[in-house]
Structure formats: structure tokens, C-alpha cells
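Labels for the chains are A, B and C, by order of writing; each one numbers its residues from 1.
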Amino acid sequence: MRAMTTLAVAAAVLSLGAAEVKAESLKIGIIESLSGAQTSTGRLFASAAQYVIDQINADGGFNGSPIEVVEYDNAGGTTGAADRFRQAVAEGVHIVVQGASSAIAGQITEDVRRHNIRNPGDEVLFMNMGAEALELTGEKCHFYHFRFTTTAPMRVNALVSAMSEEGDLGSRVYSINQNYSWGRDMEEAIRAAAEAGGYEVVDSDLHEVNRIQDFSPFVAKIRASEVDTVMTGNWSNDLLLLMKAAGDAGLDVRFGTTFLDQVGNIANAGETAVGHYIAHLVNLELEDEAWVQDYEQVTGHVPVYIEPQTVNAMLLLREALSDLDFGGEDIDVTQIGLALEKATLEGPNGTLSIRQEDHQIVTPVVVSRIDEGAKYAVDETQWGFVPVKVVSAEEAMYPVQDSCQMDRPD
Amino acid sequence: MARVWQLLLFVLIMAVLIGLPPLLGAGLQNAMTNMLIAALFAMAFNLLMGQGGMLSFGHAAFYGVGAFAVMHLMTAIDRGGLSFPTPLLPLAGAAAGLLVGLVTGWFATLRSGVYFALVTLALAEMLHSLAPHWEGLFGGEAGISSMRMPWGGFIFGQVIEIYYLTLIWVTLSIGLLYAYTRTPFGRLTLALRDNEERVRFMGYDAHATKMIVFAVSATFAGIAGGLLAVSNEQANYELFGTHVSAQVVLHTFVGGSTVFFGPAIGAAIFTLFAYLVSDVSRSWLLYQGVIFVLVMLYAPLGIGGVVMLHLRHWASIPWQRMVGPYAGATAATLLMAIGTVMVVEFLEALFSPHYVAQRRQAETSWPAFERFGASWEPFGILTWGPPLLLLIVGLLILLRLRHRIVALWDEVQETAETAARSGV
Amino acid sequence: MLEFIIISTLNGVTYGLLLFMVSAGLTLIFGMMGVLNFAHASFYMLGAYIAYSITRTIDFWIGLLVAPLLVGLLGMLVERYLLRRVHRYGHAHELLLTFGLAFIFEELIKLFYGDFPVNYSMPAYLRFPAFSLFGADYPFYRLFIGLVAIGMFVLLYILLSRTRVGLVVRAAERLPSMAEALGHNVPLVFMGVFGVGAALAGLGGAVAGAFFPTNPNMALELGVIVFVVVVVGGLGSIEGSLVASLMIGVFSSFAVGLNWSLARLLDLVGLGDWARELGGLMTLTLSSISGTVPFLLMLIVLLVRPAGLFGERN
């Protein structure tokens, strides 16, 4: 009798084991700039994604097993990204996550598109957490790419709306941007919003990316044009040096920026940053304190810069996964894509969702001002981002681009 | 080295290159494709350097131009409906390399030595800073992207197919480069390196000759770039960067520029090394630099040169007495390498932002850090003791054995000289 | 317009003087030893980072003093124990060694300080406007950089032309074997010159790093421009280096603010719109290719007159 029970139990356990062998675990590959100049940003995308995945796994994972996460270092270059993508595919990755550079995102989205054409049934999905070049949801759009961040027109529309309400916009605006796709997107958006915003773009500049050591000639030009506001999409050194040069020259203008919240910027800029504006996706002051504190406990710092938007993106994925059941069998990435299109997330600023036509996230945009007295001080200074206005998703959104011709699987 | 052995070695290497990849995963297959491309690029570079005696610091220019040419052709096939065999795509790279090589070569070869190197540097940098603004030709910062079209029954969708295509091209190209050295013009190239004035006195137009050598080198560099474009289906202006020119210089001299296959060996070692190590360590570029400097200091002929030296004096080397010191030296080098790696990795861990965050959170001001799957105390004897010990012991052994090895090689030289003098 | 010209000239001159601080050492080393030191810009970067560390822990002025000394010491060690060893393999080999060293220095900086810029800046009391021009303040620190460079040039000039040490150095540069025959310790002179050259670059880094961004890329960014400067000025000539630095500094400053293009030029003859339609080279503005022009200049000099403006024909 005992022997029979033991055998029965053994058989049951073995059959369970057999079932386990069939269950395919979801594999996510984070192909990021983990070395090179963009390391600090790349690391943030990775840690934010990992935070949510750990939560999903704590709740039982997906498809009967924990979600596997593999990090790949693309060394900050497109050839590195191409090599790592091939490695990821060979290792069975279903979803690729990346955000630190539009050029690299351009490479990855094309690699994903080509892979999917050549391997029907074995598709890979690309979650773009931070690359804002318009062409990714334009010329280069395809079903398996999802953008979870804003674009130039969204940020500019929000800035214009908030700053004019605060009376800080004025009627004369100067546009200065970097001479590549993002900078040109920004310039176009600034011009396009002029009529609605009631201002005139007095002059504009496109300068070389990350090469200019000395912005004082530009500052001289800005002063000469007698503008009230300077709008710029510059990041890293280009933003810092511009603001420092303006501060050094005693220039009295208001800056409307998009990347002032990059880690280290406020510490570096110091007093010169105070009073200027930034349009970004999340301001911690408006968020639920519980998750901010939990994030700090897990990772060691409050979510900064692009971490909140990445967390939201992964939460949307979680939402999509909860509607799916592959019964422990092979994972169908196309189904994940279709579910992701329908996923929504309620946030303190509004609802997040995905626009079906080009897979652009529909999100409210927050405009903040750098000032003292913010709830969360930044970079260990006395300043932080004080929320000024939450611009609704409808107001901030940009129209679907004609160049996006998406082939749908259904 | 005897003919038979050469042939056997060649067959062995080809067998590995042909037979091994299907057994590997796609990631490694891709790495091997990159290795072949780097090897061809280095061989093309060395045609100019090792044989022609002209050190170029801007070879990325031809590499990049080759890649872009292939991308434009690929786009014409993909979107323009042009009918052209996909396997022949790298020809566009060769053509572009040849054209640009002729033009830039005419200018560059007007000068020699350090000035020549600076001209090549200037040309490459001009291209690098111009490319992102010339969108029609170079596609902005995202570059040009396209897709390989099927041809002749092959889809060219799998990594392994691209690997074999690359293997065929690289083998043919290196074969051509080898044949080049056997031609009278190849001999003339060597003569240019050794004594340009004499070449002129023999009646040749030295400038035109140098220009042709330059153009041939650029052609094969263009093929290498073209192969990269075929593999990645994308090219952007990063390919003109100084680090690309720098890598090929590193590969060539570590492998040995005086030996024909030296650069290929250097390229193969470094690309595989990079692939295997870059996932595990953040400091692999540092290791690469250190190896390069050590080779420059202690093995100026490169790995290939050292191997050649041994092969040439094979008979006269007193192997029985040599094996001991060699084994000891290898062991000592290994000890020093492990010690160095440990120190570098520990330092990297201690100075990383991750550890800085850890310090802020922990109770003690210097908590233990993780490396190699174990925990280490930042100021502990057990942390720094072992690597320093390994370094010192390795160094001492090496210093001791150096004299022995040098003495043995002096013997070898003497034997060779006496043999030469007596006409053996 | 006048404001633009004056500000650009001032900026150009101060930037040029900074370039001079770094290139003076390079041209001195090349003139003396025939070695084009690829690691020279690395000395610049090391100077900035060492000054940063010292400023953080001790004091800014101590940093300015000590950093060049440490870098100079490093330079001497590099010459004595590394360069001298490969001297017998020829100039190409020495070049390659310095190339490898540049690589290693950059990676070491990344190892200890991280891949991103560090916050090295001057103390608050130095951050004031020197004067006001057309309503714009001109920061004092820029003038400070220029003053340090001028002081350095004067000192170097006096040292080389008026002192005994300078005499020996110039003799060793012209005819090393003769100088050795006369009893001077030429290897020591070489080591000293290399060290001084490195120290000058280190001083440049320490001073400029507080104003311009200090990041691991700064060696590469400045390094190629410095090569252009020494080639255009003439390898081995300090005066040439000064003139070329000023030229390139002023040009860069002006070009950055000018939106001239071939299309604009053709506007004068009414072909502007046609040119703009053509795109490509026609619409390239001077500001966007401001980084390319120095290389074009270097190319022209190398092809037409490799000795540069003030160098000797050899």
C-alpha cells in the first residue's frame, strides 16, 4: 500500500516536472549603454525595468515561471547594439528593452523588424523606453515597436501651455538645438507651436552635438535678439554649458528645457538653473509616496530622470501580460503586442495608453520649475522640481505621422 | 617552415573555420564573422604599413566608405528594384575603397613618415566631422539602413549564411593579398619601404607607386567595411571614428606587422577576447591597452613575429633546456595576469557608482564588495594580499628566467651566424 | 554685430591661449626628440582630474600648483622607463607606444572617476565678471586662463633664450651628439624636456578643467585640435604654436556663430534657392562644419608646406 502511494506520488511529481519542462519563461533582454559615455543613463533604464520585473516575479512571474532578465552592454554604439541583438535572439529573448539613445534605438528597431520578417512565428518585441526621435513612430514604425516616452512636439506643446499660463513665456522666443534628428524635431515643434502659443520665433540655431565647448557666441546672439524665452532640447554638456554661459554673461531669459532633470545637471548648473522650466513625464511630488519610498528602499535612491517612465512602461507590460494565458506553452509575442496595444494604466496625472496607429504612448506631460522648497531635492542640492502644470494627454499629443505605414498581424 | 607543415596548418585552420560555426550559437557565429572582418581590415592595413612602410592613422575612412557604398547598393536592390546578386555586394565596397583610396592616396603619399600619418588622420577626421551633416550620402546620425534580398536560392536571413559568405570573401581577399606579395609589384612595395630613393633611381615613379599601394590597401579595407554592412544591414558615421582607426592599428601591431598573417592573428585574438570578456568585465579596454603596450615594449615584433622567430630557428633551439624556462615564464606571466586582473577588478568595484550607493546605505563606511562571486573587505589583507603576492612572485620568476632565456637565445644566434658564415 | 565680433575675438584669444598651453609642450617634445606624443592630450586630461581631486579634498590653488608637478613627474617616468626602451626600434614604434599609453590613461581615468563628466569648477569667489561689454558680463576666469598661458609663454621664452639651461636644451635639440660630446647629459635633458612639456599640458588641464567640462573624452576632443595646431604652427616651433593656436582659437569662436553657407553666398547672384534645393554640400553652414575646417587647414599645410608657418624645412 505504501509502495503504491509512493509510486503515485512519484508519478505525480514526475508529471509535474514534465509539465514544467514545457513551460516557456518570458525572457527580457535589456540591450543598453552600460559602458561608454551614456552609462549613467543606461544604468537607470536597466535598474527601473528590473524593479518592476522583480515585483512581477514576486507575484508568481508569467506563464508559470519567473520572467528572466538578461542585460547586454551595447557599449554605447550601434554596431555593439547590432551584435548584442543577435546574441539576445540566439539566447531566446522575447522582448528587447532600450532607451538611452535614438541612434541605437534606430538600429534596434530595424534589426527587430528584419528579424520578424525573416522569422515568422519567432517574433521579438521592442519596448523603447526613452528614444524620442520622431522617425521611430514615423518612417521606421512597425507593429513590434512600442514607444513609452514623449517626443519633441509633446514636450514643446506642454512647455508652451504651462509657461504661457505662468506668464513666463513672453512673445519672443529663441530656439537653440543640436543639429541631429532630435534637435531638428525640437526646432520644428517650437516653430509649429508658435501660433497657438502666441509667440514669435525670433531666431534659431542648430549647433554640433557635444562638440561646442564655448556657448558664449550663442549667448551673444540670444542677447542681441532680445527674447523673453529660450527653448532648447539640449542634453548633457550642451545644456549645461549653454546655461552656464548664459549665467556667466548675466543673461536674463527664461529657459524651457526637456532634459534638465538628467542626473548631475542641477548640481553642476547650481544657481543658474533656478527658475527655469522642464517638460517631463513624471514629477515625483505628484506620485504616490508609497511606491517612491519602496523604490528607494529597493534601489537605494528615489526614482530619477527616466526611471519613472520606465517603471510605467513595465507596468503597462504587466497589465498586458495579466490578460494573457499561454497555459505554460510557447509564448506568442504577437499576442503580447496585441495585448499591449489595449493596456491602460491609471496614474496620478491621468490615464496612460498606447495609440494603435503608431504605438506611441498616450500620456499626460508634467511641466515643472526648478526651485527651492520642492518635496524631493535633487542631486543633493537645496533645489528640486516644483510641479507647475499637468498638461493632459489630449493637449500634449501630436498627430499620427503620414510616414507611418504599419503592417498589422491581424 | 616546411611546405608540408604550412599546408597542414592551412587545412587545419580552414577546417575549424568551416566546421566549427554550425555547432555554435548565433551569438558566437556573429562574433566569428566580426573576427573575420577585423582580420581582413588588419591585413589590408598592413599592406600599407608592414609592406609599404606607411603608417596610416585614418584607415577607418576606407572602411566606412566601403560600408556606405554597400548600403547604398543594398538600398537600391531593396527599394529601387535593382537586380544584383546579393553575395557580390562587397564589390561596391571594393569599388568605393579603390576610388577614395586613389584620390586620398595621391594627396597622402606626397608626404612620408609622421607627416603621412598626420595627413591620413586629417582626412579621416574631416570625413568623420562632415559625415553627420551630409545626410544624402551618410544618412544623419542614424545612418543608412536596408535589408539583404534573397538571391540564387539563398535567403541570407540566418547568421550562419552571412558567416560563410564572409568566410568566402575574406579567404579570397587574403588569398589575393598573398598573391600580391608574390608579384613583382609586391616586391617593389617592399623596396619602397626599405629604400625609396633607390627605387626612384631604378626609374620608377615612387609617388605613383606609393599611390597604387595605398589604393590597393584602401580597396581591401573597403571590402572589409562592405562585409560589415552586409552583416549589420546598417551603417552610420561612427564607422569613421578615431577608435575604428585605432583598433586596426592595435590589432596589427599586437599580431606583428612584419609577418604576413600577423595582423589577422592580432585581430582574431582581440575580437574574440573582446567578445568573451566584455560581458564579464567593464575594464576590458584597459586590458587591451595594457597588452598592446606590453607587446610594444617586450615583443616589438608582435605575436606573429615571435612565432616566426621560433619557426625560423626551430632546428637550432636547444629545446630540452628551453622547455623549463619557457614553462616557468608562461606560468609566471599567468600569475601576473591573474594578479593584475584581480587588482583592476577590485579597483573597478570600489570606484563604481554602485559601490558608492552601497556605502551611503550601509552602516559601516566601507562595506564589503562583491567580485568573482565572493565578498571582499576593502581594506583587508586577504583582499589585496593574494593579488599583490601573485604579482610579486610572478615578477621575480620572470626576472630570474629572463637572463636564462636571453642567454639561450644568444646561443641560438651564434649557431645561426656560424652556420651562415660556413655557408650551410 | 560689433558685440559679436568683440566677444568672439576675446573668447577666441582665450581659447587659443589654452590651446597654446597644451601644444607648446607637444611641439617642444617633437622638435627635440622627433616623437609625436599621442599621449600629450592625456597629460592635459590627467592634470584636470588630479586638480579636481585635490580641489575636492584640499584646496583649489594647491590643486593648480600640485597637479602640473605630478603630471610632469609622470611624464619624466614615461620618458625614462618606457619611451627610452623603444627608442631603438624607431620613431614609428615610439609613436605607437604613446598611442597605447593614451589608450591606457583614458581607461584608467574611466576606472577611477567614471564615464561621465565630473563637477570640477573654480571656487565661488573666482566666478565674477571682469567687465561688462554691451550689457554682457565677461567672466573673469576666462581672462585668468589667458593670463596663465601668457605668463607661461613668457617664462618659457626667457628660460629657453636667456638661461644656461635653455642654451643646453636648444643645443641638444639641434645636435644631440655634439651636445653630448661637450659633456652634457643629453638623456637627462630629454627627460627634463618631456617632463616640462607634460607639466605644461597638465597645467592647461588644471586651469581649463575648472571652466570647461572635465570628462574622459576631453583628451580626444582637444588632442586632435592640438595636432592641428602644432602642424600648422610648425613642428618644433613655440612661436609657431602660439600663432597657430590663436588663429584656430579665433576661427573656432567666430565660426560657431556664423550661419554662412554656399547657398547664402549664391543668394548674392540669385541662385540661392537652387542651391538649397540641391542640398548636401550647398546647405552646409559654417557653424556646423566649424569642427571640420581645422583639419582642412592641417591638410593644406601638410601638403603645401609641411614645415608649417614657423617650422624649419627638413
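Everything below uses one rule, namely that a residue touches a chain if its C-beta (ideal position, glycine included) is under 8 Å from a C-beta of that chain, and two chains touch if they have at least 3 such contacts.
It should be emphasised that the depicted structure is a prediction, and the values quoted were computed from it without experimental measurement.
Shared contacts of chain A and chain B, meaning chains that touch the two of them, come down to C.
Once CA atoms are averaged chain by chain and compared with the all-protein CA average, the nearest chain turns out to be B.
Inter-chain centre distance (chain A to chain B, centres taken as mean C-alpha positions): 37 Å. One inter-chain figure worth recording: chain B and chain C are separated by 30 Å, centre to centre, where each centre is the mean of the chain's CA atoms.
Taking the mean of the C-alpha atoms as each chain's centre, chain A and chain C sit 39 Å apart.
Listed for chain B are residues 133, 353, each touching two or more other chains. Contact with two or more other chains is made by residues 35, 40, 179 of chain A. Among all residues of chain C, those that touch two or more other chains are 114, 288, 291. Within the complex, the chain B residues that touch chain A are 25-27, 30-31, 34, 132-133, 140-143, 145, 147, 155, 157-159, 228, 232-234, 236, 238-239, 278-279, 282, 353, 357-358, 360-361. Listed in rising order, the residues of chain C touching chain B in the complex are 36, 82, 85-86, 89, 91-93, 95-97, 99-101, 103-104, 107-108, 111-114, 220, 224, 227-228, 231, 279-281, 284, 288-289, 291-292, 295-296, 298-299, 302-303, 306. Per the touch definition, chain C reaches chain A in the complex via residues 3-4, 7-8, 11, 15, 114-117, 119, 121, 127, 129, 132, 135-139, 212-213, 215-217, 221, 252-254, 256-257, 259, 287-288, 290-291.
Put simply, chain B touches chain C in their complex at residues 55, 107, 110-111, 113-115, 117-119, 121-123, 125-126, 129-130, 133-137, 242, 246, 249-250, 253, 283, 285-286, 288-290, 292-293, 296-297, 300, 344, 347-348, 351-353. Considering their complex, residues 34-35, 40, 43, 72-73, 75, 77-79, 82-83, 86-87, 89-91, 102-103, 106-107, 110-111, 114, 117-119, 133, 135, 179-181, 209, 300-301 of chain A touch chain B.
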